[in-house]
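Inspection log for the structure reproduced underneath, given as structure tokens.
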């Protein structure tokens, strides 16, 4: 009977592919000099939008994330006694578990809400009132809600910090932070003087996909590292930005270019970011179905691929075993990035700084 | 871009309004003399109904709750190693999170059931059998179920304690305890000799709303503090009590009066308790829609408002910033009240007593 | 008012019936000599099927389970800092809570998925991709899924261990382990030389019920203890095994016999195992409704009853207070069995061995 079950089905290896190793985060850690003050001030802030960050805060969060990722077992109690309210009123595995894992790895406890229908919202309670209640129950809130105004409704009453983990078509700032963290982890030398600029392609809709909107905002804090940011889409050029969105990004120094042709761009792209899902109302829509990356795609030899969400047909699994695959590293790094952010938000920064 | 996001959206203050401060719970704590024996005996009891309590047990629980609330960070490990089974077969945010927060604050672990459809009940398992299983899985059960008999079905097999967190239209004893705790926290002098009696108005249906039923029962243990309890309702007077309910309350010494007119009573009410939701079967019903409290209501100058559940239109948010608002303190205090009760039920009372 | 509520409703006893006592697990513990190497190797294995075990591994797991059950409070930190991903895409109370309780009792933290509709599967994410994510989030996965191939899909990417907690109609190995553990706990002398063989009756379908399939596989590792294994079913004899299933069991040394008559067999059965539920697709089916055990059933005087799942009409509650009831002990023991398995899988075996 044992014959039917192959050994390879049973035995697994805990070893990690190279991009998951600690060389990259260690290199990034060395590249950024510690500045604890930038993090300490996060103790009094909600995290709502990528608009709210400056370069130094982002870099210090990346430094702390890379410190966690370089040595995952070193810190496991900074959040001891702290309670996270993990409120996901929209379906999610990845983001919810990424946050919850981050919290647990730091020693905290969690209360989860995973379904609107099981909660008081079913009785018509407002998010402002729920926020008032949350003050009594926990030390931090992570909220995902299909309504754009949800986070601001809740912050109107909160006296504990909240993280926007996706509010409709608006923003998903921690995902964008995790995305940029991956790019710096991949190539820490981008943070040195006169870096060799990179060309990034984004397959997606800046006006419709919260991950893309947030990503462009965080890119605009570091315009000097981008030769060009190419938006690859299947709409008309007039239909992919909300009012003023493009202008703001360009004023901040980003070189934007739009195109409908993915494969023509691929040979010149150092980073290809692909996303095919937009959350609209209570459901999701697929966009850009015609854009597909696979092992036959004319990728630049040392180009990497990022993908922020659950993968669909747009990203073939035959790329998983290639060096282009940094989307796994991206998902892994998101946990450490969130660990860094959460630590600061609940006033435990000083427990993990090198110099106090 | 930062302009779009206002600082006031991002920055929050951890400071609490006055009613949330520690002056009130500290005053209540001083008013009640410790009697640990009253609490120790709770280690062998289920919490099913307000009928089961005597004055001394209630007061000692309030004492412990006020001790917790006076110094929220002092005790954080009494429930270490203990497992709560949080079984909510009816939708809830407030009550579930209030219990779970209480348990986590004391250092315990939790397993949650948040939806009937995800459980063995879907396969037809009886509550008695589920209770038998729970004996093996945890140290305490909190149950919310739409069926009145649910708690007793489960106690038929339980060898660990259970708390009734709402069983259909029957009772919700810990909510009533939290309500009365708020009143004593607001005015600890009610516990001294010859207190100045208060007049309380209850907007709700004693025969139909479990919170009102439980509240009147716990009021009846302290008849000497109530000048009068006015039931404000929109039915006929014959239709708001179950058989014998009114007689029992009056025998216990409560002065009850019924009326259909809220605003006429308000100027004389020290406490107004308002609730518009009744759970019937698997859904809720609204009652008393015509009764509304807002900043224009003719409230007594130093009168306070209590509200046990998710707020609907019956309680205007323009009262939130007024001194009448003790409903936020009520929700906050419920966590500490539940901490007190849970500590006693799992045999950890001696870890938090002043004198051992 | 207190009169309405009887004392017997309120007061409970923490004392346990005899089969729940520690005499049986202690006796089993003494019967098996420790061999830590057999457990240490589990640190590199997924748990998919009963096919994968040998006698020594099973016995050592039973030894560790009986050590836990003999002294439930002795070990409470071996999994400190470890995170379980409890992924139940099919409804379950028992199995989920049994695993989660096991994990919590050993000091670990948990993230739960309790409903397919709340997860990324709703967006079409593959189990292989979910497995890749899980690598980043936790230290161990417990998976229940209605699809047979689900576990293997996930192991294709996992670098942390997974336990199959029921995959469609295929297997449920930890349940079978808990079942056999109960039999050895009931009669440890079965493990001595020349044991008095037992006759076991299984009411159920080996080709359709995952619990029965797994049970027969694990029985086949210990053929010397079974006089006979009688399959009691309401189909035709040709319709209860999948291809090759019967032959494999008989080659391993099991004496199998089939019948449609339960009561005729009962007087000779030392162990009756009854199960009426099969999971098929996204729902369950009932089988063998005509087979019922109750206090009038002609059970052998010292015969015992086992039941692996939520009880339906097939097992009358009037047997609960009889010595035939070992199904409660079976459910209780499953927690300790899972504690043993989980300890080994996350490389903490050495923390609980007698000799290191």
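We just call them A, B and C in the order they show up, numbering each chain from 1.
Heads up, the rule we're going with is that contacts are C-beta pairs under 8 Å (C-beta built on N, C-alpha and C of every residue); 3 or more make two chains touch, one makes a residue touch a chain.
The model shown is predicted, which means the values in this text are computed figures rather than measured ones.
K.L.:
Go ahead and align chain B to its copy chain C using Cα positions, then give the rotation in degrees, nearest 5.
P.N.:
Copies differ by a rotation of 120 degrees.
K.L.:
Count the residue numbers both chain A and chain C use at their shared interface, divide by all numbers used there, and answer same if that is over half, different if under half.
P.N.:
Here the answer is different, because the shared fraction of interface numbers falls below one half.
K.L.:
Quick one: chain A and chain C, Cα centre-to-centre, how many Å?
P.N.:
It comes to 40 Å between the two C-alpha centres.
K.L.:
At which residue positions does chain B touch at least two other chains?
P.N.:
Counting only residues that touch two or more other chains, chain B contributes 109, 112, 114-115.
K.L.:
Please output the residues of chain C touching chain A within their complex, sorted ascending.
P.N.:
On the chain C side, the touching residues are 44-46, 48-49, 51-52, 81, 83, 85, 109, 111-115, 117-126, 128-130, 132-138, 152, 155, 158-161, 217, 220, 248, 252.
K.L.:
Tell me, which parts of chain C touch chain B in their complex?
P.N.:
1-2, 4-5, 9-16, 73, 76, 88, 91-94, 97-98, 100-101, 104-105, 107, 109-110, 112, 114-115, 277, 284, 309-312, 317, 328, 331-332, 334-335
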